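What follows is a set of structures to go through.
Two complexes come next, and they have one chain in common, chain A, joined by chain B in the first and chain C in the second.
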Partner chain A sequence: MSEGPDDHVDVKDGGDVDDGADLTDLAVMSDLVVMHTAGADDEVVSPANPGVVRAALGLWRTRLGLALVVALVGVAVVGPWIAPYGPGEFVGTANLRDVEGASLGTDYFGQDVWSRFLYGGRSILFLASVSTLIGFVFGAAIGLVAAYDRGRLDDALMRVMDVMLAFPQLLFALVALTTVGPKSWLIIVIVGVTTIPRIARITRGATVPVVERDFIGAAEALGESRFRIVTRELLPNIIGPLLVEANLRLTYSIGIIAGLGFLGFATERNAADWGLMVQENRVALSVNPWGTALPAIAIALLTIGTGLISDGLSRTVAGIDRGRADA
Partner chain B sequence: MTEPVALSIRDLRLDVAQSGHDIVDEITLEIRRGEVLGLVGESGSGKTTVGLAVLGHARKGVAVAAGSVTVEGANVLELSGKALRHARGLLVSYVPQDPGTALNPALRIDGQVLEVLRTHGFGDNDAGRRARLVEVFSEVNLPTDRAFLRRYPHQLSGGQQQRVGLAMAFAARPSVIVLDEPTTGLDVSTQAHVLETIRALASLHGVAALYVTHDLAVVATLADRVAVMYAGRIVEQAETAEIFARPAHPYTRYLVAAAPEMGSDQELVGLDGRAPSPGARPVGCTFALRCEVATAECRESFPAVEAVNRSSSHEVRCFHPFAVPERTERRGSAGSPLTRSPDAALSVRSVTAGYSRLDVVHDVTFDIARGECVALVGESGSGKSTLSRSIGGLHHEWTGEIVLDDQHLAKSARDRPVAQRLSIQYVFQNPYSSLHPRRSVADSIARPLAIAGADKSDIRRQVDRMLDRVSLSSSYGNRYPDQLSGGERQRVAIARALVSEPQVLICDEVTSALDVLVQAATIELLVDLQRDLGLAMLFVTHNLPLVRSIAQRVAVMSEGRIVELGTAAATLTNPQEEYTLRLLADTPRIPDFAGDATV
Partner chain C sequence: MGILKLIIRRLVLGVVTLIIVSIAVFALTNVLGDPVTRMLGRGALPDVVAARRAELGLDRPITTRYVEWVKGLVTGDYGVSYANGTPVWDVVADRINNSLFLMAMAAAISIPLSLFLGAFTALRRDGLFDRVMSNQLLVLAAMPEFVVGALLTVVLATNIWHVVPSVSRIRPGEPPWSDFDGMILPVLTLALAVTPHVGRTMRAAMIEVLESDYVEMARLKGLPERAVLWRHAFPNALGPTLQVIALNIAYLAGGVVIVESLFNFRGIGIALRDAIPEANAPVVQFIAMFIATIYVISNLFADVITIIVTPRLRTRLS
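Take a look at the complex of A and B:
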């Protein structure tokens, strides 16, 4: 449990400077699967779970979702290098539609809309991914432990989760951000922490039926350690529904962080940020719509993309599209 | 047999809608009024598909390709919409396998039965329908007082629920009734009474009954005629006495040889392999792949239906009728007279077990000697599972002493030393849930050794040896549970239990999820292993006829106590306790039809 978050943040960072493809959260999640199923124990070289992800990739919705996410992540990662101007560079008068060298015009401050769009995706993607990952790791751990314990620890953990769920996510974030100020780490912590109870509940729900199956009894009769039962017997068998939930949470995290950006709490003033751009330029919507439309469309496509991926995964897990002959 | 034919199925064929592969084909059956036809087959043989087709219903993904199902002159397969709904219930009705899920838990039982009558316009008014309700309830031996009628399904026992199912099926006086293993989940005494009711109602009202089941003993006691299905075809059809006395098809012979008998301690003869599934069926006889008497002819073409001789109604589809497969012939005696070693491998002394304040096992004492198999039998709820789980360290709430090799065992497996944990091994009832779905067979078998701290090369060798011991080739090591059949999975579970060379093996209803041929093969294997390894074995089962084929002694449990404990032969032929006597009387068995057997 303690080794988890560090590993995942490493994966995350690696992806960030890398080529973009790693940044797609599906890839991060499938790394996670491989890590947990084939990790710790070297004697078992197990091809355990390519199943869900591979089967999901056979569905058009997953592919479309993945294409959208890859494209937008590509924009966010590569964007700064191909941007014609810097994010804070003035190229003309404010709110102009036709400016030489700025194909999409200027924004409320006379900055290049296209360049700011290319710069503005990184922070939202980074914040959403890392915070979801934190929620995923801690939520899954808590849910698994609670489901396996089924005693007082279960009660205690799940009541704490209930209390955390009682705080409205967005309001809680606003209170914390107005108190401390718009700091990236704070957004990660808040969105991550508020995601934990949601993932924990789903994990517990998915784990309980697995705990009741006989192979867990068989492992207990052999005297397998509790840690091993949770990580090696239970986790691989709930990874499917867990992936679905993680993706869904990622969609929500993007929405919340974009919302916070719009309200001006995500970053420093005038930073290039998709959420903030929507807010800054909305007064000039009729003069130069691109300043608002471009980031808004990007956020919409990103959430639709991750949503489609979760949908594809969940259909695979539930076996809806499986054309399996009765054998 | 002069009654008119009520149900007639002609050349029925149902396909997998997508691929066009046949699920069942060339099904031709007739049932007369008042007659019970037993349709017997393994899981996947297509027997339920045929049963549902009689109702004009095909499951999702299944399509009727050819043939007719005629009930009282009407072809059910040509009906649709309102006419079909009308036919179901009035002409044909259905009793499903699990009454617990077939009844609507939110409706009172009288309402559910009345709804059937109202839907089919039975009777002129509600008073008339209510009178019919009371009548049908008393016919199926249910109470008819108002308090009972107003109950919800969850307030009934399993047997009562199934009787309500029967009442619903018989309520509108249909001509044909399809029963799909309606007694599978019931205890033997409940089953016996339900079967009696079915038989009485069918002959009383002249209803043609199609009884779908895998249980030969049930068929033997209930049915007038038997049709045996294999891989989507009916391979043999005859009067019940005839088919048991002179089985003509080799497959039927295997089925009979695999059915345990209470009256004798004959070995069970199993048959490995499984029936080919739709799309993978051979050109020739579908049974040729597993048949000992198959010839080139069998592999080239499928034999036609032929009467065994001109005068009889005994029909078979086989080029070599009455050929005797060698394996079914050399059945020996299973219950070898045991030289019981005096020292007990496992002693259970005054064990009381339960859940929080409710005790379900009271003061149980017995022991198992080395090389001995003790069967623990009883109905569901008798506490036999709780007792065996306590011994295995899976249930923690017990008091008393369990002694293994002069060492007292801790309550929970986790508190027992590694050596003790490995020397008591447990095989679970359901092979579909007892193996880690995402772990290969070899890795599953290797776990106990890894816990014992064996090194890798040693583990690999032991796993291969164990796979060989349970008759699986070493290539099975790389497979995953979902690539195995139920019987193969159970073999893997047995291999996992025995790899650490335990002294005591606990088998908890290990064959109840398996087909009869696979069950017999599994029992064969367990008997062999137990003898060779000198295991002390506790064989928990509710299947009394199985006991003599595997165990030397039997302990009969009722309401948490062992009411009778003795040698298997003596206890099952000459029981001393009334409870055992009753249990034996209720257990369906294949009567001795051999009297007129002249093969």
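Take a look at the complex of A and C:
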């Protein structure tokens, strides 16, 4: 099968639709869509645009997303200081809706739901941010190097990335945790490492068309070092799509880590953790719904927030928001 | 002949992928930590640990054990559970059927629904329905499925309405449809996890196709709009979407772990969840390989069907 530059579907590399007008939709699910990386026809790459973030903030969805994220991060960071009780403090009979001093009732163990909620966001946010950062740094580096190389190194790197994509992230984490148990470092490593190929593919796809532009040739002719070309010439030109992808990966990292917490594999037993709280209090849902609903809503709002930011950014990068006042 | 060659090439690629995955799975469950230490606890006496290791055959070199394990996978001997010595197959056999049925139901609902939603919103691009639906799908796509499931339980199974049961009660040895009501929430949750991704891809693909030259050509030729949409636009939009559908079927295979745990659905997901705290490596390894195989097969199908339904690609092959 030959590869023409104008193929919309490229089965060899996993098909995708590349259309500047719809980067929004594709970017948001780019973990599922294996991005079309062959050929130099990608018009989705924005020109150098240092004002991507500022422009994105002009959209209501980005602002709403940011407000949600700031609010939830605020709860997670400040929460432990304003919590009326400790995370493991016993305040009354288990699973009660009306308890003196516990505004949202008690949980499965007689602990204060509100206090545990205030304590329970930190670990998820910490693990998700660190692992996404690891995936982002290594993924971007690999993608940039592969795109700039365009030779054997490119082929080798991308083959490895493809194989790494052949396994669901959550399952990978579960398998790894089997003999080690719930260890934070392992969760960070696994989620970080499984994020790398996803970011690398997007980075490569965005960088390839930039590599072929004239100013890169000019920089090479001027004798700039390869490191300098990659970091000073290429990187600034793909910052838009990279930001979109990083945000999206953060959304999924939060989902995976909260999911691991829900299964009981992210923290020690009875730790205050939003994911674990959903599991612990699910049985008593009809007696005191808050123990399940509050952490579930918190995770939902957090991921919706990061999702909205991704969407706002990608609309800006693709330049498709026509300034419509769709508030 | 092109198709056959392609299928063979994809098959080989699939087998290679599975071999690499099997090495990863085996390494992660053996090298990273020691199942016996985890089972017996840190305070276990060294000679007890050694005896147990010998009993499970873990004292032999890792390469020998890997080769044996792979041989077993190929010949249908999946090993025995560390927890109680029963064959892994007996642990998972009826659970596999339950999980496959759950996935099939979720796929049967979400795929037509998302294809329809995607095509429909693309046709009415930027209309009210499109905008509302796009935002809905964005929100749904962002939420982890256990959160969606938990909120569905609050709304449909306990606090607000109580129209469906919040847990599934399939007894061992009974088919999954023996508790049909109990399947509603798991199926719904899984379907909602997949619909946004497929729907959004279909919408994007359909928009691109509708703006393409050949659709304009078909319209200019004077073909009726219905023929333009169904004969020309829809099949071409389906191509790229199939890839995403395949990835989502694979995703369903991973998602069952969470959804089954949430609704106590008796499937391989729960078996996996229960095997992990026991460090029951044979069960974990088998289920991981099973899910990886579903993944590889669904991708293989997607590639082949994409070629068959996409006129451009089909003609290029011959």
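Here is the rule we go by: the second predicted complex is superposed on the first by the 271 of 327 C-alpha atoms of A that agree within 3 Å, B and C clash if a C-alpha of one lies under 4 Å from a C-alpha of the other, contacts with A are read in each partner's own complex, and residues count from 1 in each chain.
Basically, a contact is a pair of C-beta atoms (placed from the backbone, for glycine too) under 8 Å apart; a residue touches a chain by one contact, two chains touch by 3 or more.
Not measured: the values here are computed from a predicted model.
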Superposition-derived comparison: chain B or chain C, residues of chain A touched: C
First, second, both or neither for A:G79, with chain B first and chain C second: neither
First, second, both or neither for A:G105, with chain B first and chain C second: neither
Contacts of A:G120 with chain B and chain C, given as first, second, both or neither: neither
First, second, both or neither for A:N237, with chain B first and chain C second: first
Touching partner for A:L222 - first (chain B), second (chain C), both, neither: first
Residues of chain A contacting chain B in one complex and chain C in the other: 326
For the chain B and chain A complex, residues of the former touching the latter: 16, 18-19, 21, 23, 44, 61, 277-279, 392-394, 413-414, 416, 418, 421-422, 424-426, 428-430, 433-440, 443, 447-448, 450-451, 456, 493, 496
Partner chain B, residues of chain A touching it in the complex: 37, 43-44, 46, 48-49, 213-215, 217-224, 233, 236-237, 323, 325-327
Chain C - residues contacting chain A, complex: 2, 6, 17, 20-21, 24-25, 28-30, 32-35, 38, 131, 138-139, 141-148, 150-151, 153-154, 157-159, 166, 196-197, 200-201, 203-205, 207-208, 211, 239-240, 242-244, 247-248, 250-251, 253-255, 257-258, 261-262, 272-273, 275-277, 279-281, 284-285, 288, 291-292, 295-296, 303, 306-307, 310, 312-313, 316-317
Of all residues in chain A, those that touch chain C in their complex: 1-2, 7-9, 11, 14-17, 19, 21-22, 25-26, 28-29, 32-34, 163, 166-172, 174-181, 186, 251, 254-256, 258-259, 262-265, 275, 278-279, 282, 285-286, 289, 292-293, 296-297, 299-300, 303-304, 306-308, 311, 326
